[in-house]
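Labels A, B, C, D, E and F are assigned to the chains in the order they are written; within every chain, residues are numbered from 1.
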Amino acid sequence: MITHRCAERIDYDGSQLRAHWILRRFAIAGDALVAFRGACDVLDAEMADLADLGGPGIRGSEMLHFLMERFDDDGMRCAVLRQRLLSALATELLVERGHRTIRRGDDLWFDGRKLSISIATRSAVSTLFHFALNVSNRGTPVPTAALDELGVDPVEFADELLARAAAEEESMRIARAKVRAKEEA
Amino acid sequence: MITHRCAERIDYDGSQLRAHWILRRFAIAGDALVAFRGACDVLDAEMADLADLGGPGIRGSEMLHFLMERFDDDGMRCAVLRQRLLSALATELLVERGHRTIRRGDDLWFDGRKLSISIATRSAVSTLFHFALNVSNRGTPVPTAALDELGVDPVEFADELLARAAAEEESMRIARAKVRAKEEA
Amino acid sequence: MITHRCAERIDYDGSQLRAHWILRRFAIAGDALVAFRGACDVLDAEMADLADLGGPGIRGSEMLHFLMERFDDDGMRCAVLRQRLLSALATELLVERGHRTIRRGDDLWFDGRKLSISIATRSAVSTLFHFALNVSNRGTPVPTAALDELGVDPVEFADELLARAAAEEESMRIARAKVRAKEEA
Amino acid sequence: MITHRCAERIDYDGSQLRAHWILRRFAIAGDALVAFRGACDVLDAEMADLADLGGPGIRGSEMLHFLMERFDDDGMRCAVLRQRLLSALATELLVERGHRTIRRGDDLWFDGRKLSISIATRSAVSTLFHFALNVSNRGTPVPTAALDELGVDPVEFADELLARAAAEEESMRIARAKVRAKEEA
Amino acid sequence: MITHRCAERIDYDGSQLRAHWILRRFAIAGDALVAFRGACDVLDAEMADLADLGGPGIRGSEMLHFLMERFDDDGMRCAVLRQRLLSALATELLVERGHRTIRRGDDLWFDGRKLSISIATRSAVSTLFHFALNVSNRGTPVPTAALDELGVDPVEFADELLARAAAEEESMRIARAKVRAKEEA
Amino acid sequence: MITHRCAERIDYDGSQLRAHWILRRFAIAGDALVAFRGACDVLDAEMADLADLGGPGIRGSEMLHFLMERFDDDGMRCAVLRQRLLSALATELLVERGHRTIRRGDDLWFDGRKLSISIATRSAVSTLFHFALNVSNRGTPVPTAALDELGVDPVEFADELLARAAAEEESMRIARAKVRAKEEA
């Protein structure tokens, strides 16, 4: 899995959550996790989660976005597990810095307010997920928390989360390769 | 996934990490996550992790054990993801109670000392993992932390972690079923 | 697998055989098998079976429809096996009531006349199948048999078939979890 | 899938339900379904179903055995579906000959008495199932029904069931190949 | 896998590389490898390989085309392996006739010039690949080699390659069925 | 996939073809392809191919061995495809050096004599294959060809084949990630 933080701002409207967007935008071919900053305003036509249709909208003036695409023939079961694990890694990173963040499923909460959004889906050739944290509370349609009120630098946070995700991936690769099977009694 | 906390003590020696132990012991058929208390002393012949062979041993006088078995034809990739997610849930539960626990892969740490052990493996018919937290520091072969020094009640902790794992499982089931695929641009 | 019989009539035109129709219509998220009554007239654009294009059409003034959707990452091989098994369950149910029904593949026959239609396919996120029995012979494009000439009450039949399908699913879940593997000689 | 009826008698003790028994015995390489007659007395060590251990035993003086092995990397979910479908085919064949046989899961019943036994399992390289019908009621540990009291000739029955299983397999192969996917609305 | 050489010319524009084209054109249902001769001029909208967009084009006045479609629920990993193996078989066939052909990935080279084109992709219901050799160098957008300058008869070459691909498939089917698993030490 | 050539001689008796031998011997964790020189004399108990039992034996006084192990949850279908592809790569490498080698399945032939042996199998946690070329004709039980009579240096050959296998793997990884799916007409 290749990780990459894009220094340039990219506004997210949901159209980024599709096959080969990472390849076309960053010329990265293969399983990848990328991060970038930008506004968020997901178009109805781009909403993957049917539960979001007709809702308050998915918006924010400034968010830190993470996008993963994988081509490994795994199904949605694996995709959702990976999404949850990245959400957990983000929670742990905030907690270790002293911010009492709570994760429930793929949502992060701080002080009873929503800190993140996320969705996992698939394309015809890959599985994908988007996970994003508010950098600012401006422009969000529900009561939210944001990295800026916590004093968390998004760039530094992104680099650390990418590094931890890569480390977790590598440790899982090794975990799979060094256990012997257990026979039945 | 059926969850069950066994009130009776069971000493863990690694032989429990095998196909159908849950079925034989608790008459639970199918995907399950069970919890129980007991000593831990893993026999060499039962060690699944080749990296543990010849090491300091896997021991403790009193631990809180979690054992998962699944029959869903998923491979080791899913099994390790599930193991990591349960480790993350345990970390989050401790952190929410004010204990600054750190997760790295499948290991939990408190105050620089190891709080947990874990291994994921497979049998001929299922995938399996064991995850256990020290209840006491007595009898452990390396510097450890334990739930009793944190003042965490193992029974109440087990019930809450089982409930959260079941809730996460249910939320992932629903997450897979309510997203539409994204077309390529 | 959630089963549900819809009391309201729904005319089937093939557009129901698609991802999330069950979720949108019945607010059921996840693997599900639903039943409903209604006319049948499959639009060309909605025909999944290429062999039906240009044929006599798929029509009937009154049918009993069963629709299954599953999100378990299984492929078409499993989907077709499940379709055949539901066809067999329907056959058995009729036979047990004294109606000499014959199954060949996914088709049921009575007295040399076609009693049912069925197709299994997939969407980008799920596998699906439709299985329907004539309630009346009116409006069918080929010689057919129908539940009403057999004196079979569609509502009662639907409830019993849904119950048997759920029971078969549960018995298969348990069957997978209680067998030990066999070693090679 | 290759089908074969062995004219020679083979007594079944459970050791036949293992990887490559069909290859070693009949020199058939690959997915296969074979049939043969013989007594049945399953050794405890060969019982695949844990629920049978300590039970009344799996025995009969004369049975008609069907054994399937597949090497197609499908898991137990497919194996159990295939087992159920063969059980359904056998039921249909008896019913079409006028014998009011009832199937529940993988068991066939006639007149409230058990007509068959079956188990699906896996080896390290394949999935397998055994399905057998009593030819005689002699030597069975529970009240049973048998083909001889129905006046069913086992040889002719075996040939017809093998033929139908092969036809169903072929029709499923074609069914998978001629449907187009359905887009989401 | 069914193999078929079409005697009629078919000009290839990329639209043939889609689900069920083989079924619709040749009435072959199921896994198949077909061969035909014809010009090649791939429309932009039909290019599967994103790396080809905006490139010199994929063209030739006369090529020998091979098209495979499979419905076996395998993913892209298998599809690409199969594509490489057919490329290797084509290379071997040329080499055995004395033409020093070199394969690099899915490309064949002769005398430093490109002899073939290939792409593997998937549809919603199947995996697919196209592999084609230049019969003539006319109309190609880059320096190419062609079967006619080698004196290779395309018809005879196609028949032999189809036969070898079928033989390799059959030998792989048997290879999977006759090995026993190896236990861990 | 990690590649490694071991400078030390290792005599191959079949016991190397098992889970984690590469990990235990070379401390390489994960998907790997290793090469080494040594005699070959496969013990009956270690023969994976049932067709070899009771045959002339699998022996040679000096061979160049390649061993692959993968932990990616792929089944035997992929394992055999990978084995064939490595056999093809070896053939191509010899041919490019002017040696008219012929591949049939997983066997290489030179001048009508057998140049190689190979088997693909699986363990409880991985898929594996062994592929080996004769370095010398001494000690082989059938008429063989060998690298030394071709004047091929085994060390240099091994390094080049490992490099080509790694390059093919990388090119397949990229191939899977840069194609878009094709819609049905």
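Basically, a residue touches a chain if its C-beta (ideal position, glycine included) is under 8 Å from a C-beta of that chain, and two chains touch if they have at least 3 such contacts.
A quick note: this is a predicted structure, and the numbers were derived from the prediction, not measured.
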item: Chain F against chain E, contact positions shared by both copies (same if over half, else different); value: same
item: Which of A-E and B-C has more C-beta pairs touching across its chains; value: B-C
item: Chain pair repeating B-F, as identified from E-F, D-F or D-E when over half of the contact pairs by residue number coincide; value: D-F
item: Chain whose average C-alpha position is farthest from chain A's own; value: D
item: Separation of chain B from chain D, taking each centre as the mean of its C-alpha atoms, in whole Å; value: 39
item: Centre-to-centre distance between chain B and chain A (centres being mean Cα positions), rounded to whole Å; value: 25
item: Chain B-chain E separation of Cα centroids, rounded to whole Å; value: 48
item: Contacts with 2+ other chains: residues of chain F; value: 19-20, 23-24, 50, 71, 76-77, 121-125, 176, 178-181, 184
item: Graph class of chain-chain contacts, one of line, ring, star, complete, other; value: other
item: All chain pairs that touch each other; value: A-B, A-C, A-E, A-F, B-C, B-D, B-F, C-D, C-E, D-E, D-F, E-F
item: Chain F - residues contacting chain B, complex; value: 20, 23-24, 71-73, 124-125, 180-181
item: Chain C to chain D touching residues, read off their complex; value: 15, 17-21, 24, 46, 48-51, 74, 76-78, 80-85, 88-89, 91-92, 95-96, 100, 102-103, 105-106, 119-125, 128, 167-168, 171-172, 175-176, 178-185
item: List of chain B residues in touch with chain C within their complex; value: 19-20, 23, 29-31, 71, 123-126, 173-174, 176-181
item: Parts of chain B lying in touch with chain F, wherever the complex brings them together; value: 50, 75-77, 121-124, 184
